[in-house]
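Quick notes on the structure that follows.
Read from first to last, the chains carry the letters A, B, C and D; within each, the first residue is number 1.
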Amino acid sequence: MKARLIIFLNWFVLLGSTLLVCAVLGIILVDIFSKGMSSVTWEFISQPPAKGMTQGGILPAIIGTLWLTLITTLFAVPFGVACAIYLNEYAFPSILTNVIRASIRNLAGVPSIIYGLFGLALFVQAFRLGTSVLSAGLTLGLLSLPYIITTTEEALKRIPNSMREATLALGATQFETIKDVVLPSALPGILTGVILTLSRAAGETAPILFTGVAFYINGLTSSVNQEFMALPYHIYMLSTQHQSIEQVRPLAYGTSVVLIAMVFLLNLTAFYIRFKNRTQQ
Amino acid sequence: MNASKREAIDRLLKMVFRATGLVTIGLLGGIFFMLLFNSIAFFAKGNPIDFFTGSQWNPGSDAGNYSILPLLASTGFVALGSMMIAVPLGIFTATFLSELAPDTLRTILKPVIEMLAAIPSVAIGFLGIVLVGPAIARVFGIQNGLNALNGSILLAIMALPTIITISEDAISAVPKTYKEASLALGANKWATLFQVTLPAALPGLIAAVMLGLGRALGETMTVLMATGNAAALPKGFLDSIRTITATIAIEMGEVPYQTTHYFALFAIAVVLFIITLLINLLGEFFANRLRKFHA
Amino acid sequence: MDHVKLSAHNLNLFFGSKQILKNINIDFGENQITSLIGPSGCGKSTLLRCFNRMHDLSADARIEGTIQLNELDVYDKKNPVTQIRKRIGMVFQKPNPLPKSIYENLSYGLNIHQFPKDEIPGLIESALKESYLWDEVKDELKKPAVKLSGGQQQRLCIARTVVLRPEVILMDEPCSALDPISTRKIEELILSLRKDYTIVIVTHNMQQAQRISDKVAFMYLGELIEYDSTENIFKNPRQELTKNYVGGHFG
Amino acid sequence: MKYCFFCLAILLQSCIEQDKTIKIKGSDTEVNLAVELAESFHVMNPIVFVSISGGGSGLGIASLLNNTADIANSSRSINEEEITLFQQKGIQIDSFIFAQDAIAIVVAKDLPIDSISTNDLAAVLSGKYSTWKSLANKDLPVNIYGRQSNSGTHDFVKDKLSIEFSRNAKEMNGNAQILEAIRADHSGIGYVGAGYVSHGGSKALKILPVYTQENKDAVSPLDAQKIAAGKYFFQRPLFQYYKTSSYIKIKPFLDYEKGQAGQSIIHSAGYYPLRKL
């Protein structure tokens, strides 16, 4: 009898924890979507804010986040992938490369606000880019680099050496081997990592706080040295800084819906690529 | 002729890759030097002893009190609180996923956990204001739910995916032979789970907790939005607190560059950086031990 | 002996401080099949990979001595490694087709070495015919190469090497991952290739060495112990070690 | 290759493009007003972009120093230390008062207190009174909701009362958070810009008129006439600081603020315009 009770309790605790974790996600999504969906209309997505940001939409914030993601991609993807290729394909394995790898892995765990400080010191001040979408995008790019480098390296490591030997033995140069065999085979893995990293970057707030995000801008960001609005910061601002918090709460919910939908969409794309790649093999 | 041209391209691109690789590594390494340089500037101006032993962070006052202690205490306090929630919950869930859940359930639950990880921190912080805060206020009969408890709950949610994923990997990596040996000796499923499988996965579980803790310590937006931001030493979970990250977020935009206050913010950032670095290294150390152990 | 195609003189190879190959001197005759045999770890694969400079990308590999292809110094920096490898092809232990179609697997080498575009289909067809693969794949050249069976894949890898018209083909235990029937096919193929190419093959299969090779080299612990005609090595070895090995007493 | 061109294009754009954006930063008190001004300004002058960030007054002035803002909104006048910093950097600045603001002292609606003296207020905010016993005859703890130390409102109240704030004062991110907290807190007290409470923000709240030792007549921050006469204790001009060198760039916006349209927006936002309407 006692043994049965223990078994029951064990099941109860383990299953209960799992259900609780699922419930947390459920509560988050249900709360945000049930209260936010009614605000998300075509006008909300396609109009700028109006009446002291108590009405209207979030178009400038959407455009700002897209700008930011674009610049992050343009900076972090080529540099990150090139760095991973250098480390995995060119650099001879040594203590130094192992130290570099370990540092990069640990940089992925550095708080994002510290990247914000670095962006401020490097891009805003040292490079004189000012507070702008360029500074903020580059800062987010730096934040993304460790993730992109690590996931790309993992993808490259999964390509068996026999594949490289095949083309090398045919007289291909090392670059041709990378370009024609290694990268195409590693592409799904790299792409999955890149998309997941970008979805994380798009939702980040702390690194852009002092590198260029604005409370409000009366137009759409149209050049890289302008300041910008961004979806995550807009949520922060609407829920803590705005003068009539109660009045704009539906807008904050609506903005959260748009941001979460955007991030989930990116994640689903990544899952799809991973899934498709797995079933093909 | 053509062959040497191809070789030349190869050499050139090798150099390009090496250069970009080294530039990237240099940029990332720059983070550390930037922090170091700016905080040295602070310690040259201010008093390093006060920084670690004083009791007040109050840059606005005329004397300029820059003590990291209340901030550090707040940061540690809220992170420990979050671990008290997230560690049991995360490890139990991971155990369930790897040992008990049928395959179909696992393939559904794993994406659920990844989805949880994908939710931006600002959205979690927002829920701290509109959902968790009022709930805490109601349950404890207090006026305002923006306090350490709120922050701990939110940070637990943010650390859960990390803890679950790594713990699950660690538990699944325990060799089948261990379990079979235990079962063959007549131990039942539960005894095997708690006395053989989980202890064997322990280094991995510690690694999971460490990385989760690192995540909680470094999180900015949720604590900024949900903990009330009072820079006093915390006495209980219902007190408002202000973490290192929140302090940087609040004050960095508002200080003139190259002043004592500006450098002070870099100094507290260095402390945070070192703490998270140590915790991550510790996590990695345990993860490696697990790997070696099973290899 | 006939014309010497490929040779190594006083070849030493080190990985870091560890010496793997010790003072190897060997000549491979043109249009001959030479087998390298020896217990695993004796350095036979390592030696094979010296001939087309596959050690170039290992950080700590250091090579002393000379390797010559005809009169050409293989390790001379002035000779592009890509050209060396075009002239000295290689087939690996496990079939490693590129993740592309059958046709692209063959056209890849031709393209990078800039063969005239209009000659490529003809070259591919004749290489596949030479490799006894044409009849099996001629209708599905667009099919991914990985869909082929193991034996077919290995023949494809040989065809991929042959299509470049190399002078020497190095084979590193090409049948060890294959079933007996596929092995037999590959052996037939190797024998038929002898008329056009110089072939060096690493094998741990004594019967195979006997079946296909003109000459056999026995290696032990990084040293070349004995190098002679197949018949002498198996029937009448001069060294005690060789005798023990071919007699199946160790390894 | 395409990628390189694209990056080059972006870099070129960043170099060639004249920065047409007017960056206004600082002062939570003024930020919403600035947003509304920018919104209507954009309708009239769509070529000129205005980007606005909140934060405290310190942020605005710091941004001006750091060259990341063109106009610094500030609800306090610039202090000695900041003047020295500007001098050190060799930056010439000008200022312009575009409205008057009054700070409202806010408590929950059901707290039985109708007005407060500056002395009592000083005692409450500095933490001398830990309960409402002596003021409202209720044994409830005093919960103070204030701004962060870098906010102009924070400094203004602190200096006006010559106190240091209680260490238990909660430092909220903005005026709106203060209002929301007090709405939920029966024994809370806080200070916010009058602009925040005059437009429906006062729901479930009470604004305490303030009297002084000399003038026992309690004045409400919502009393426009008294404000115009400068009679309210917590009354202050709202400043805009800007660099003399960027005057040409920001002139259209300043002109708009001073004009009829701008001043009427200021009025309807709950501040007291300088011009008679």
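Some notes on this structure:
Quick note on the criterion: contacts are C-beta pairs under 8 Å (C-beta built on N, C-alpha and C of every residue); 3 or more make two chains touch, one makes a residue touch a chain.
Remember, predicted model here, so these are calculated numbers, not experimental data.
By the document's definition of touch, common neighbours of chain B and chain D comprise A. Set side by side, B-C and A-C show the greater C-beta contact count at A-C.
Closest to the middle of the protein, by Cα centroid, lies chain A.
Ranked by how far their CA centres sit from the centre of chain D, the chains are topped by C.
Mean C-alpha positions place chain B and chain C at a centre distance of 53 Å. Once the centre of each chain is set as its mean CA position, chain A and chain C turn out to be 48 Å apart. Computed centre separation for the pair chain C/chain D is 81 angstrom, with centres defined by C-alpha atoms.
In terms of their C-alpha centroids, the spacing between chain A and chain B amounts to 17 Å. Across the assembly, chain A contributes 78, 125, 173-174, 176, 240 as residues in contact with two or more other chains.
Within chain C, residues 81-83, 112 each touch two or more of the remaining chains. Across the assembly, chain D contributes residues 53, 63, 66, 173 that each touch 2 or more other chains.
Arrangement of the chains shown, judged by which pairs touch: an irregular graph that fits none of the line, ring, star or complete shapes. By the definition given earlier, chain contacts exist for A-B, A-C, A-D, B-C, B-D. Of all residues in chain C, those touching chain B in their complex are 80-83, 112, 114.
The touching residues of chain A, when paired with chain C in their complex, are 92-94, 160, 162-163, 165-174, 176, 180-181, 184-185. For chain B in complex with chain A, the residues that touch the partner chain are 6-7, 9-10, 13-14, 16-18, 20-25, 27-31, 34-35, 38, 88-90, 92-93, 95-97, 100-101, 109, 111-116, 118-127, 129-131, 157, 160, 164, 190, 211, 214-215, 217-221, 224-225, 245, 248-249, 252-253, 257, 265-266, 269, 272-273, 276-277, 279-281, 284.
Interface of chain A with chain B (complex): residues 6-7, 10-11, 13-18, 20-22, 24-25, 27-28, 31-32, 78-80, 82-83, 85-87, 89-91, 100, 102-107, 109-118, 120-122, 125, 142, 145-146, 149, 173-176, 199-200, 202-206, 209-210, 232-233, 235-236, 239-240, 249, 252, 256, 259-260, 263-264, 267, 271.
Within the complex, the chain B residues that touch chain C are 2-4, 6-7.
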